[in-house]
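Same chain, two partners: subunit A is paired with subunit B first, then with subunit C.
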Partner chain A sequence: MTPSKVNPVDTFTLQLVFLLSTSIIFGTPSVVPDSWLVGLVAFFPACLFIVLYSAMLSSQHDLGLYPMLEKAWGKIAGKMFVLLYAIYFLYIAARNIRDMIELVMSALLRITPVPILTSLFIMLIAYTALGGIKAIARFASLILCIVLLMLVTLAVFLMFSSSIILEQMLPFLSKGMWPVIQSAFTHSLWFPYGEIIVFLVFQPELGGAKGFRKITLYAFISACIILTISDLLQIWSLGIESKKYSVFALLDAARLINIANIITRMDAVVALIIIFGTLLKCSVFLFACTEGIARIFKVKTGKLTFPLALVAGAFSILVTRNSAEHVTEGLKYVIYTMHIPLQLLVPLLTLILLRIRYRKGAAT
Partner chain B sequence: MTILAVFVATVLGLLLMAGLDVLVFKQPFVRVFVDLLPVFPDTSTVFMFAAAFVMAAWVDFKMTDRLKKKFGKQSNKQGSEENRDAKQS
Partner chain C sequence: MKTCRVFLVLILCTAVVLGGTGCWDQTELNKASMVTGMALEPGDNMKYKVTFEIVNALETDPNKGGKGGTPTVIFSKEGNSIAEATQRINENLERMILISHFRVIIIDERLARKGINQFMDVLQRNRYVREDVIVLVGKGAPASDFLKTVYARGLYAGYKIQTQVETYRKVYGGVPRSHLFDIAQALLTEGRGLLLGAITISGDVEKSESLDAIKTISPAAVVKMAGAAVFRGDKLIGYLSNEHTRMVMLAGDYVNNTLFAIPGPGGKQTSPGGIDVQFYHMHAHMHVKMNGDKPKIVVNIQGDGKITSIDRNMKLTTIKGYETIEQMTSNYVNEQMQETVSYVQKKFGLDVFGFGQHYYRYHFRKFKPIAKEWNSLFTRADVEVKSNFTLRRPDLKTQKVEKEQIGP
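On to the complex of A and B.
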């Protein structure tokens, strides 16, 4: 029996919220002065991910990532890769939970113990993941409306509180175009665009190669525009130097809002954006992880959701000792040791293997 | 099998995090791994791991079914079976 497909609009909103969630808060890493350009530049090579992943899907008649790995690499090596991807998704979920906890701790609940916050949040994530990808996708439409509404509100309030100074984005390209291109290839390409690989796991439910190509392209374009506007808002309100040293730049920008001493402290709105976004992103990663582990150990996915959510919660506490280490590890080491191999190299090798082993008319 | 799955995920996840910490702190793997392990003063993560394994064990040993069998209402079940028999006849 073929599984029923998710509505394309829901798939689009799911991918868009997924791309926006944590990256909107951290913004583009401010390793170069013109960080808002980095997102735009990263979009073009990011489209190669769409080409690569849709080529994988179309070569195997829209099979999901896990069966595809097993088909390409054989039973034993394939299972090892499935396990590797499942652990990778669990680790990324843990990092995202930590992102959210760091922000909530600094903006909203300063003296609430971290384990209590984490436990409550992971219960929500597990409950969302338990509904399956269709439920998560339907939930995404609601979240997208909330996130966009809050972002627009934030922009309007920043404008009315005279916090937006367009000259703050100058000097433009003071160090030339090369650092921008370099930053796009070393950071923004892998996070958030490369993380779209997780959707290969659910392709039988999401519509296959044709749908993936079109919907993901639209999601990438929308995410690129929204992230660039968000980066510009941060630079216009904080300035290039302040943005560089701010961990949560959008949060700091929201703190500047003051309309006649009546509308102030809008940072809670930003915290809500990340709470909703992270909830969805972590649910997607957790569901992908449970699918992988359930496939290897031949258990039902529902049975693994809550235990693995608790493990992800514990990992989020253990993953780094402080905020500085968390950011350094995420920007430098995770990209080179995990994102590049698992988002590009392994899929590329898998595609080559699939093309060799399952040539048209060739018996395997 | 659920317990085994959770155990494997936990161990591999810890190894992965230790591997990354080796790169960040430039320290030997064993030292980093021991630092990472949830031990006594850091009880919160110990409780979370324990809860994960308890949940996995609950599912594996079908505790809900066992408790239902022991304490659940049996009259309804019998009733439904009787009805099914009557329908079949």
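On to the complex of A and C.
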């Protein structure tokens, strides 16, 4: 691992694309009518993640997540935690691949066998991950440009086909504020904001605690704004009532585009957004996972990338039988059994342990 | 070792190239046929009868010209669901059908009376069906007949109907915007009855089925706009005339461009001396509030237009002349709107204007307790129409061309 640092702008774009990628398509889960508000509400508690994680980093002079865990929990327990986190990252990568596959299978291809699609896609992911975090970060600015351009295109096209009706976001807060807050705390907080924990693994290269605090805050703010705009776009074009019924809300919104019967049905644009976004997000997770596995089993990272990518691909197919299972698992079980413990509880305990075991000024 | 490596890389590349083509989802164009229209009817033996108008691409080539065959072929299939009938269309037809480009769905009156919700899902769920495909109700004739009426230019009946509906809506506004997406919207929100465009046939359909029919100057049968089909929930309950439909659409701000023919003095529609005014930019907004247990509705209509014809002596060089015509237009539109509202209140007792929807969107908390009884409240509603029209210019003449009297 070379200690040379990644350009802060690249780090910012990397984190922003990471936050946007899948959530821009699936949007905020429409369990409440005013789903666009959920993202805004979730932003404020999400900033506590930044506080927590940067406190962890600063207490240990910008050590990565894995060494930090070993340091806090001791050799054996620490290694167990490293393994746990590696598997967690791999699992999220698999879930994201599945998200992408779900969209591609229902919007673009339908007969093509899923294993073929998945294996082609994971090869790309593995190749990206092989480049290391620096290469991924530089790749991110390109993807950010594509994603933003596509989103702006969608918005402009929707406007020109007069599909944007602001009235459709009313009635405002028809079920009150409480469901919105509840949804923010049960869904949006953990996904996508909480997943930022994966960047702790690379922090030594990404600028340490100081950089993390600032850059991540900027990334959170930008992501919050863009996601809210995307949510609003969906509501303005689909209407508060029918957004609830669509599997991919942004895709449904894109289908409404019709400019003079020439530019119609921009489904492909939406598919591109998710394919690029998922590519980056998965490679970040995959790289984090290989780092962890390589640390435990003392192997070179490069050797693990392809096998682990294959595992992620296989996992993405095997993990659920149908899309309902996939969504329920993602919105319910994963949040309580994995996101909350691994994003909040373990880091919090680690921080406390670190504070207790290594008081300020004590030799490390 | 090195050659082995090169060999493996080559194999991998070939595999990627082959895999990347996505050949599983390929559809050859000469193995597929485009569908331009779809008609849904109750079946004779099974639940539904689905009729497709399928393009015969060879005959429609503008450069080579056809061999004198028909440009479209009509195929029907019965099934217990729309999807089944569609999938089994190949019992009659040799090619796969491409449904992604059809522009019009015609629902039979008999089906619509039983409720459209029981078969809408397949259309809304399918990714090939456009959200802006036009859904119409066929009035007075079996739905498949509409696809059988061809005329000289409209070689595809489906395409002709679609263009006709859109053009008519654009220049006159006498047909509701009945896209597939609007159905979902109307059925999901509160306080607005669903309106779909209605079409009917005048003339002899049986003659019109033959290609010889397109060689006559006056078409044997013509598909006509028949206003709007009114739905209570998802069931057809009646029709609105073209004029009423225009007023309903105007109140909901769906009409941009239209023409009003104001009758001359005498109070009858046919009295001489009428005035025509054409509007290009019309806007309407509504205010709804509850006055005790009676809704109080105010409809504001604004328009910007020109004078198309004046069949009486009136000077357009004076400001007074414009003001008089504006006032007359205003009175006429207000009267027509009032008449339409009271007609709908009496005939259907159903809020097709979307007043309830407006109240639901802007005053949710007040609407919530009365949501169930809104339609009965609507029948008692006081509707006030305020219109403010601006006529900008008189086209090319300052007044009616008329000889001025000389002498006493």
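Heads up, the rule we're going with is that the second predicted complex is superposed on the first by the 358 of 364 C-alpha atoms of A that agree within 3 Å, B and C clash if a C-alpha of one lies under 4 Å from a C-alpha of the other, contacts with A are read in each partner's own complex, and residues count from 1 in each chain.
The criterion applied here is as follows: a contact is a pair of C-beta atoms (placed from the backbone, for glycine too) under 8 Å apart; a residue touches a chain by one contact, two chains touch by 3 or more.
Remember, it's a predicted structure, so these values are computed and weren't measured experimentally.
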After lining up the shared chain so the two structures overlap, which partner does A:R357 touch, if you call subunit B first and subunit C second: first, second, both or neither? neither
Just to be sure I read the superposition right, which of the two partners does A:A86 touch: subunit B = first, subunit C = second, or both, or neither? first
Check the residue A:V311 against both partner chains and state whether it touches subunit B (first), subunit C (second), both, or neither. first
So, does A:F297 touch the first partner subunit B, the second partner subunit C, both, or neither? first
On the A-aligned overlay, A:K210 touches which partner chain: subunit B = first, subunit C = second, or both, or neither? neither
When the two structures are overlaid on chain A, which partner does A:P171 contact: first (subunit B), second (subunit C), both, or neither? second
Residue contacts on subunit A - larger count, subunit B or subunit C: B
Those residues of subunit A which subunit B touches in one complex and subunit C touches in the other: 113, 119
Mind listing the subunit B positions that touch subunit A in their complex? 1-2, 4-6, 8-10, 12-14, 16-17, 19-20, 23-24, 36, 38, 44-45, 47-49, 51-53, 55-56, 59
Mind listing the subunit A positions that touch subunit C in their complex? 106-113, 116, 119-120, 123, 167, 170-172, 174, 239, 241-242, 245, 252, 255-256, 258, 264-265, 267
Listed in rising order, the residues of subunit C that touch subunit A in the complex are 16, 19-20, 22, 24-25, 127, 130-132, 181, 184-185, 188-189, 360-362, 364, 367
Interfacial residue positions of subunit A with respect to subunit B in the complex: 83, 86-88, 90-91, 94, 113-115, 118-119, 289, 293-294, 296-299, 303-304, 306-308, 310-311, 313-315, 317-319, 325, 328-329, 333-334, 337
